[in-house]
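Okay, so chain A shows up in both of these, paired with chain B first and chain C after.
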Partner chain A sequence: MKVTVENQGLETIVWFEGRLDTPSSLEVSKQLEEEISAKEASRTVILDCTKLDYISSSGLRIFLTLRKAASAAGGKVVIRNMNDNIRSVFLITGFLNLFEVF
Partner chain B sequence: MSKKLDPHCEAILQEYRDHKDEFEKYAVAFKQQLSEVFSSSGLLVAALECRVKTESSLAGKLELKGSKYSSLSDITDIIGLRVITFYIDDVDKVASAVERLYDIDWENSVDKRKAHEIDSFGYLSLHYICRRKDFPYRFEIQMRTLLQHAWANMNHDTGYKSGVEIPTYYLRNMNRLAGMLELADEQFSRIRSELTEYRRRIHSLVKSGNLDEVPLDGDAFRSYLEMNPFSDLNRKIASVNQAEIQEVSLMGFLKILKAIGMKTLGDVERFKKDYADAAYQLACYQIGLTDLDIVSSSIGPQNLCAVFILINGGGRAGLKRMFDALNGESSANEMMADFLVEQAADLPFMNKKK
Partner chain C sequence: MIVKDKSAKLRRQTVLGGFMLIIIAAVTLEVTALVQYFFSRDGIRNEASQRAESELKAAELEIINVISEAEAAVRNSEWITQWCLNFPDSLPSVTRRVVECNPAVVGSTVALVPGYDPTRPLFAPYSLRNPGEQQTQLLSLATEQYDYPSQEWFTRPVETGEGYWSEPYVDEGGGNMLMTTYSLPIRDYSGQIAAVLTADISLDWLTGMINDIHIYPSAFGMVISRTGRIMVCPPAESLEMRQTIGEAAVSLGDSAAFMEVNHNMLTEENGNVEVKYKGASNHVFFDRIDRTGWIMSIVIPDNEIYMSVKRLGLMVMLLQLVGLAMIVLILRATAKKQREYQELNDRREKMLSELKIASDIQMSMIPKVFPPFPDRKEIDVYASMVPAKEVGGDLYDYYVRDNKLYFVIGDVSGKGIPASLVMAVTRSQFRTVSAHEKSPQRVVSAMNASMASSNDNNMFVTLFCGVLNLFTGHLRYCNAGHNAPFVVSRDSVKALPVVPNLPLGVVPDASFTEQETDLSCGELLFLYTDGLSEAENNAKELFSEERIVSEIVPGSGAEEIIHNMEKSVSAFVGDAPQSDDLTMLAIKYMNAALPEWTERHLILHNDIQQIPQLADFIEQIADETRIEQSLAMALNLALEEAVTNVIMYAYPEGSDGLVDIEAILRRNSIEFIITDSGVPFDPTVAPLADVSLPAEQRPIGGLGIYLVRTIMDTLSYERADGKNILSMSKKI
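What follows is the complex of A and B.
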């Protein structure tokens, strides 16, 4: 699992690549905690899922944590380019309408 | 400064200069104190401003009527605060908070609201001259509504205080506006009181369980959600995978419930009762064979709405509209509608219908 964080203007883009499953989530969570400070969270954080193949409950929790941090800091989280499988996970758990999705 | 002040006025001005930093500090402290009191009493104000009189403004005042003041402490607006409220009733609430915090110099305080004759309209504001024990000078707090503030600013801006004679038609127009804004202020207050009363009544009907008497609207639905009406279904769904439930706002479902024909909270209760089994069947099918152990509290209402649409023949188009309303319009909503139609096809609730 590879995660890259990039600041572009007023946006922070998080690129996910691979499978965000339970084993990889621990490391990803730690990385995002370090790289997404309150400053980044106060802006628009775009979670780019173009190359995300799978998401588990632990992965969902990471997305939720980012949303909570952004909300507390006055920013927002946007998810973009989810494939059908990822989108259906958000749908069947009832989290889809919680996020702005493109 | 346009003119040299006499020694008496110059001494007052020097006293001001000597204490300027202290005034700045106290102005901020008074503002902070007021802000904390408003916040703790749930009083929402439109603005709270403070300022220390500028040296040039004080010099101008001394130049005009310096002999009236024996010392700087005779000037009551060295520090000025202004509280601007949304509603006319709140001016009195602010005044009451100010009275509790400070000693009021009633002799020099003015209620401009009472200064008008029955047939005159114009500047309306409540001005209190205050003292606080740890501060040897008096300060002024002006309290007025947003509309009164707008009128006062416009009136000031158009030169009323410039000393130039103002044409009668201008004064008449400004006074007509003052009268209109006074009426508007009263109407806003009345609307707020009526809304508060309506909310209280709806809340009480919801609490007493008279749900058929409660029309489905924002206030009613908010009160209804306080009773956690979907928690039983959510817990049942979560138990499929021993999942954790993340609480989220369910207000977004209001427009869907209305769109599918719910008119009262009683309708919503019946809908919940009639479709809960089908909603559970759908959830079991969707998450039962996964290891997903987290769901949102919107899963119950989402599945209820989805199965209602499917059972009542709304099909793919109905589901797409539901997702558009919930998630915003997107072509991906078609995919999700197809996904749900496909999943539900073999479930008992769909076959029972056939």
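What follows is the complex of A and C.
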């Protein structure tokens, strides 16, 4: 699992690549805690899922944590390019309603 | 378009040809009529000439009778006059006798040559018949006004010594009428001409006689004196009596023609001349009367001579024109008919081409690439559909979803375009409904509800719908009034037991029974429409289900079985027309993909880092069972959530424990049994996450067990022998 954070002007893009299962979620969670500060959270954070192959509930928790931090700091989280399998997991868990999804 | 242009050109040519034919016919007919007209003209002219001549002869005879009578009256009295010369006082009685004894004579005189009798220098007693009576009155011509010695009737006989017919004249002071006079010199016994004896003939009778000449409506007779004076001429409005023809010609302004007439008539004995008068041609037939030199003539206008032939000609032409007009009308009607037929043909061609397109569209709706699933060794599918008309009301369809073959075969009531429209709707409904339904019973019910609610034309569809689990050979099916398919195994052919149910579209809320069976490896399902079982030969025999069964060779492949059936039915039907759409669908279940294992084991330590092994475990199962990638991912997710739960919470922090995962493959489901020896924990009673909460209120946990329950079909927990046993299964 590989996660890259990139600041582009007023937007922060997080690139996910690989499988976001329970063990990798623990690492990614730590990484994002360091890289997404309150400053980034106050702006727009784009989660790019183009290369995300799999997500479990622990992965969903990361997305929810980012969402909560953003709304606390006055920013927003946008998810883009989910594949059908990921989208169906978002659908059955009601997560599709929590994010701006493109 | 080319065909249309060509036909239009052909049509133009036909019409043109038709009109050319009419014109040629018209010209031929008219030329014939003209030739006939000119030939008959000669005949008609001869006939007219003969009629004129005979009329002339008759008139002439009558004239000669009258003048002979007058001449005879005079000659018979010659001797008595001679004798009476010596007794002049008896001469008036002589004249009276001449008049009274001869009805034709109106007046008579004996005029003495002046000086013959010294006692009577002029002496001419004149007896004149009273009009309408036999009696006479006695007059005297010996007056100064009359001056008989200078009158022509007196001078000529005295000069010539012969009898003489005078020119016509009005005898003023004598008879006072238009008359002509025969005068004869009378000699005394010494031979000296002493007197002239006359007889007057009134020309009134001549006028009456000539007026009776009406051999043609406006033909008229004319009498001309020997010097060319007109004596009698009925249409005398412009020809004055006693004019000469020459004078008349000048006054009529066509002197040249009349001079010729004049010349001919005055010089020849008889004949005919043509003369133009008032712009019209006339024939003048004439004949000279020898005794008086008068010329009798009959003038006949040419147009009356030729009236009958003209009338005949006109009648013939009229009839021909009527005939031609009828031919034109018939030709036009024929051309119109032809045009209508052409248009009908164009429309028919257009409709045929549209039907061909409709047929292509219909054929493109049904799958017809064989084999349809080349990658799937577990099924062998083949189908054939032959509509009785351009488009048909049969349908079949199939596709694979989630490792299951969804298939349908159906027959819309009726044939042709209406049936094909219903067929298209039915086929798309099958696709739409079955995309969200796994149960053929629900597919059929939904299709029926939709179809029956909008069935204004009372069409119905018999249908057989099936869902075959390619993994297990389990077949769920629902029959809606369709023929029962045959199950063909290696050594037998048996009809699949079906509950008939109602066809689709009859009753909106009809209930349909779902049935199920298992196909074993090598078994084939043969489906067909009644176009096969009821195919008719010329003897009106049906192909029948018995023949279907006997023609099936057990153990055949899908394509082979359908091709054999096509050959058999074709040989049976012969050249009888195909009466109904004929559709066959064969599905052979090969079972080749069924994995050899039924159970798989994986044992993990209670270490979260071992979770990725689950992914490999699922991937291997998915490969062997050929389940869909999306299903594999869902199974992976459910398994990960369940196992993570055990790893995180079953064993005390820091202690080592195991998680046993067993996968069991069943006919149509896969089951996972997760066993651990940790603290008792029943996830099936754990509270579920509320997935409808907004982000701010969402707890971070609770999603895992929710996902497990949502994804799996069954979930059960059991505590046995100090172990937590969690079973969960999913239909495949």
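Heads up, the rule we're going with is that the second predicted complex is superposed on the first by the 102 of 102 C-alpha atoms of A that agree within 3 Å, B and C clash if a C-alpha of one lies under 4 Å from a C-alpha of the other, contacts with A are read in each partner's own complex, and residues count from 1 in each chain.
The rule is short, and it goes like this: contacts are C-beta pairs under 8 Å (C-beta built on N, C-alpha and C of every residue); 3 or more make two chains touch, one makes a residue touch a chain.
What you see is a predicted model; the values in this text were computed from it and never measured.
> Under the superposition described at the top, does placing chain B and chain C together on chain A give a clash or a fit?
Chain B/chain C on chain A - steric clash.
> Quick check on the superposed pair: does A:L60 touch chain B, chain C, both, or neither? Answer first, second, both or neither.
So A:L60 meets both chain B and chain C here.
> What is the contact status of A:W15 with respect to chain B (first) and chain C (second): first, second, both, or neither?
After superposition on chain A, A:W15 lies in contact with neither partner.
> Counting only touches as set out at the top, which of chain B and chain C does A:V101 meet: first, second, both, neither?
The answer is first: A:V101 touches chain B but not chain C.
> Mind working out whether A:N85 is in touch with chain B, chain C, both or neither, as first, second, both or neither?
It touches chain C, and chain B stays clear.
> Mind checking 183-191, 291-299 or 309-317? I need the stretch of chain B that runs into chain C in the superposition.
None of the options clash except 291-299.
> Which residues would you name on chain A as touching chain B in one complex and chain C in the other?
Residues 56-57, 60-61, 64, 84, 88-89, 92-95, 98 of chain A touch both chain B and chain C.
> Mind pulling up the chain B residues that touch chain A in the complex?
My answer: residues 243, 246, 248, 252, 283, 286-287, 290-300, 302, 323, 326-328, 330, 332, 335-336, 339-340.
> Spell out the part of chain C that touches chain A in their complex, as residue ranges.
The touching residues are 608-609, 611-612, 615, 629-630, 633-634, 636-637, 640-641, 644, 689, 691-696, 698, 700-701, 703-704, 706-707, 710-711.
> Which of the residues in chain A end up touching chain C in this complex?
By the definition above, chain A touches chain C via 19, 21-23, 26, 54, 56-58, 60-61, 64-65, 67-68, 71, 84-85, 88-89, 92-95, 98.
> What part of chain A is in contact with chain B in the complex they form?
Contact set of chain A toward chain B: 56-57, 60-61, 64, 82, 84, 87-89, 91-98, 100-102.
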